[in-house]
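Note that chain A is present in both complexes that follow, paired respectively with chain B and with chain C.
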Partner chain A sequence: MSKQSPLHFHRMKDMPSTHLLGTGTPTCAGCGGLETLHTMYDILGDKTVFVNAAGCMTLLSVYPFTPFRGGWLYTSMASAPAGAQGVRDALDILLQKKKLSADENVEVVVITGDGTAYGMGMSATSGAMDRNLDFIYLCYDNEGYGNTGQQYSPATPHAARTSTSRGSHGYPGYKKDLFAIWAAHNPAYVATVIAAEPLDLAKKIEKIQAMSGPRMLISLAPCPTGWDYDPQLSVEIGRLAVQTGVWPLKEYSDGEVRHTKVPKQRKPVEEYLQLQGRFRHLFEPKRDAAGIAEIQSRINAYWDRVDAG
Partner chain B sequence: MTRKLLTGNSAAAWGARLAGVDYIPAFPITPQTEIIEDLAGWIDRGEMDARMVTLESEHSMITAAGSAASSGVRAFTATSSQGLLYGMEMVYTVAGWRTPFVMVNVSRGLASPITLESDHNDIMAARDSGFLQIHCATCQEIADAILIAYRLAEHPDVRMPAIVNLDGFYLSFTREPVDLAKTSEASAFVGEYDPENLQFKGNSPLSQAMAVLGGGPYSYFRYEAHLAVQKALSVYDEIIDEFEDRFGRRYDMIDSYQMEDAEYVIVMLGSFSTKARDAVDSLRAAGWKAGLLRPRLFRPFPRQQIRQLLLGRRAVAVIDQNISMGMGGVLHSEFATALYGANDAPLLASYIGGLGGRDISQQEFFAIADELRQADERGEAPSPRLLYTEHELTEMRKLQAIAQAEHAEINQN
Partner chain C sequence: MFRIRFHGRGGQGMKTASRILGTAFFNAGYEVQDAPRYGAERRGAPIFAYVRADRETINERGIIDRPDLVCVADDTLVGMPAAGVVQGMDAHTVLLINSHETAETWQKRLNTEARILILTATEDVEDRAELPYIGSRCAAAAAALTNVIERETLVAALTEELGHLPADIIAQNREIALRVFDEMAQHAGLVAPGSMPSANDYDSPDWIEMPFENAAISNLAIHAGATSVMVRTGLWRTMRPVINYPKCSGCAWICSTYCPDGAINVRADGFPEIDYDHCKGCLVCVAQCPPHAIESIAEHVAREQEAEASA
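Our next item is the complex of A and B:
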């Protein structure tokens, strides 16, 4: 496992041209989480063990098939970071006792959905950061309990229609700021990423390869099934999430937050919303101007704070 | 070999130390905390070469123990009561991983109402998980059972995690002299941890704990685990023979006391059985042919051995320190299952006692013996009984009167 890595990813053509993760997984067509995982896996490589919590990605490895060329361990919904703790500690013990060579060492990567990261698994994640566990955490955030049919989760955005918020105004709550919660633990690194911005994603993954300690990634994961749109729109919706300022790409380390890709001219949020069935009630049968304006004003307020430094 | 005066908790810590554990994920809970404090002290002073990490919950702790054992190291952990229940999802889960490690449970009654004192409802909740269970009655047994449990759990034919159970307060905080093996002797007995195919490393792809689709593969893996736990019966006998050869102490899967000619038999688990042992002595002095059976190995359940020991006796009282709401004593049910259908099966009586550390008096053991004799004369088992004395009820009524008075006073104000 290398902890040094010169920055390779300057242009799109620097990106790996073939994928390491096997094909034929049972994820839905257009899965934004899988896209992020592809890029991540291409860069991290097979000297990894993915420690998984209950969620969509649990179905990647169904006996006797797996798309991973390295390790995989399913734990439970709440305790994947604790599973990573046991694996990392065991590897360190074996390295120390010379029962494992440095060449055989692996990077431990937790992979969970937002239901775990924003909710049930928060205590175990907080504990792992408290203990300064040397691991990577990827949350694929599809803004709901996607694997069970997209019920709202603590990651669901305001007004989104989900299986448990079917009313005319959608989900009444507001998406929790997991980036801030994680950053408040002062881990080595926290970043938001999205597969639709592969260079930003690749640079961040490359950066954390050279680091140790808790390295936390939240990937917005456009979800055709849960968000109700045609799978071919996943990349476009992902780009719009960034261009409208809905999903700020940023990173945290050493007490500072930096925005890594600031949209020069933010597009109106409705361009992002209107492509998704979960927000259709904002536009049909009657345009909910006040509802859209509220969402826009929250985005503007966020970026005003960023601009104010 | 050295002899030390140790609490049950310290004996458990010594067991883990002598077993050469590499890794101890921990979480404090009364009354097991002394175990992890002892281990932490040894590690801090450089007397023990192991890594200890305090997780933020028992759920995480058991996950980490399982995942570490799945990654090639010998793991140990300890919990109690609510902690065991908080981690229960992972108790079942890591058993399915077929990861051998040892967890000590210091038994304590479950909420509600909340209590710190001992009974067995916590450990009974883990009964069907796949964890092997060894129950201890003395501090010596605790230290030894941990060594035996590692051998059993790690045996190539078994490969399941194990719980060593001891009673909170009565055993966890009771000091008894304990003979401790030399580290070299203990190591020679326990051996090196062989992770077999459980080890994550580069250039060696491995998936563990994957999902399955359909009942066919699921049933296959569940049956495999069940058969592995059952296999631990014969493996246990081999291991205790070797243990006796090396250390001179013998731990049959069922501890028999005065059973040779016993007509009336008491069955109990854990340290409260020492009360029954005293009662057997007193009963014998009073002319009774009384005996005591105490299963050490509870999972796998030694059904055949129980039949061999109990068929032909007149009557058996199973005293459960647990209560399955709406059913009764768990151990009683299991003994009934073991004995059912045999022509010369004894009458089987059920008593619930010792909940939340409630004492069982010698008079009660005598009353139980009387009931057994009457049942034998009638040829019919007595109704299940919940042990509770007149005096206890009077005291309880006083507490209720105070509670009502307090309530009335608050309402008036």
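Our next item is the complex of A and C:
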């Protein structure tokens, strides 16, 4: 297992200056999910095998091209953690039989989108956590079925326009709290991350490298194509998701939830919403003050609960 | 049968162009196939969509390799082999290019027997991925050139296909499409339906002996890492980020970390360097650079400057 000595990420300057993930992938320009993945991969290193459920990131490895320096296994949407179980078991048996030396061991990393993580892959993930599978799970959450044209998923936020929520008020439902659902399984680790806060992301990756058991990460993945904004705003929008309190950065372990980057003065949520075409109907042709206020009040209620402890 | 190919970049609306034209043909009583050619390509990447229309049942399938009309939304694609614009063109083909340059220039440059027409590039946008109305303009031009689609039929198809957009946007598209339709009316009928190829027209393939091979040889496992670097995603770029080194403060960990593709490397001297073979032109680096030392210029302008510099 690649439980290397800690790298100590204290400041941005400590971020890796060489990139292990190959360029030339077919993800959209400005992809927030790829941004998380490349930062994660730079730190985790090449002693990894990725188990990838169908989704945008399936396109990473289109034969004969792969951005990875190690193995990659493709599974159906519902079964990536089951695939990871098989890979982990095979590695453990080889290790036990001394057909694989300890330094040849690799970390098994599941990578799926939100359609899988929040929806149809939930059962297999729950089972993997029940069995205390030793793996890392990265969900890149772009809040919809992005690879097929941004249909709504259980991760779609309230009021967002999707290709299946075209009405004047957008998606009527509410984003599922996957962090709480995963944490309720009491796995070794659960965290929310975002590429726009690389230091927070790097610290969490560094932390899970020294752990074993299920280590679950949910990365909000700003998506220029699905959220309808200029790709150069990807980092800006990600940062605003944190600063407005839309995307709380937090972690769970040993029965406790800790917030890792609390915005001192939360910005109004409309600063985040108005940059994205999927929320344009909240501002044009007429400002939907009640709709914006409802979104804001839900964010305030969340942070009030956090403040109350 | 009419066989029409639309070439553009992901995001320019070529799929919409094929849908508008396809619906117009259908409403004019034709059997129609219209489809974008889907790959893993994204915004800015060369893509194409095609339309087949016939009075008879269409049995032909797949990509059009003998086009009657090739419509190009972005002239920077013409010289790009990966875009396959000139594929299968012959003396029967009409090539319509959205360009600031003249038909004579293109005729000379391409040395082709195909008849070349220019769809005069009207809007001067810097970022070619943002060409407004180009899908509607291409569809309208194609409709006029076939001379089998009425003005009203085009308008109805356009309104149907753009129905999800706000009314003012549809109205603008309609107005611009009709202007192009009327402009192209002087060439009405220039695009004629191509004949049905008979089996004899196809070259019979060479007989190749394929001996049974060991599965490990014939179904190659990839043992090399990061082979994706062989894919030149730099071709997707319509805007190019350029580092102004005198202004660069050398905080390469910022741009190099934020670049989603990892296409900014840190040089031995600590300064960042953009890998233009793979930079997709998202411009996150331009937006994030603390001293604003990264500028963006239109890719076609950057290439012209490079060509001048090397001449």
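Keep this in mind: the second predicted complex is superposed on the first by the 306 of 309 C-alpha atoms of A that agree within 3 Å, B and C clash if a C-alpha of one lies under 4 Å from a C-alpha of the other, contacts with A are read in each partner's own complex, and residues count from 1 in each chain.
Basically, contacts are C-beta pairs under 8 Å (C-beta built on N, C-alpha and C of every residue); 3 or more make two chains touch, one makes a residue touch a chain.
What you see is a predicted model, and the numbers here were worked out from it, not measured in a lab.
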{"item": "Chain C versus chain B on the shared chain A, clash or fit after superposition", "value": "fit"}
{"item": "Chain B versus chain C as contact partner of A:S123, first or second or both or neither", "value": "first"}
{"item": "Partner chain(s) touched by A:V51 [first = chain B, second = chain C, both, neither]", "value": "first"}
{"item": "Contacts of A:L59 with chain B and chain C, given as first, second, both or neither", "value": "both"}
{"item": "First (chain B), second (chain C), both or neither touched by A:T75", "value": "first"}
{"item": "Partner chain(s) touched by A:L94 [first = chain B, second = chain C, both, neither]", "value": "first"}
{"item": "Contacts of A:R166 with chain B and chain C, given as first, second, both or neither", "value": "second"}
{"item": "Which of chain B and chain C A:V110 touches, first, second, both or neither", "value": "neither"}
{"item": "First (chain B), second (chain C), both or neither touched by A:I43", "value": "neither"}
{"item": "First, second, both or neither for A:L275, with chain B first and chain C second", "value": "neither"}
{"item": "Minimum C-alpha spacing, chains overlaid - chain B and chain C, in Å", "value": "5"}
{"item": "Overlapping contact positions on chain A, where the chain C interface meets the chain B interface", "value": "46, 59, 61-63, 66, 68-70"}
{"item": "Of all residues in chain A, those that touch chain B in their complex", "value": "1, 46-47, 49, 51, 58-59, 61-63, 66, 68-76, 78-79, 81-87, 89-94, 97, 99-100, 103-106, 123-124, 126-127, 130-131"}
{"item": "Residues of chain B that touch chain A when the two form their complex", "value": "22-23, 25, 51, 53, 55-57, 59-61, 63-73, 75, 89-90, 93, 200-213, 217"}
{"item": "Parts of chain C lying in touch with chain A, wherever the complex brings them together", "value": "39-45, 164, 166, 220, 222, 225-233, 236-237, 251-254, 256-263, 265-266, 275, 277-278, 280-284, 286-288"}
{"item": "Contact footprint of chain C on chain A as seen in their complex", "value": "12-32, 34-35, 38-39, 42, 46, 59-70, 166, 195-196, 198, 224-225, 230-236, 285"}
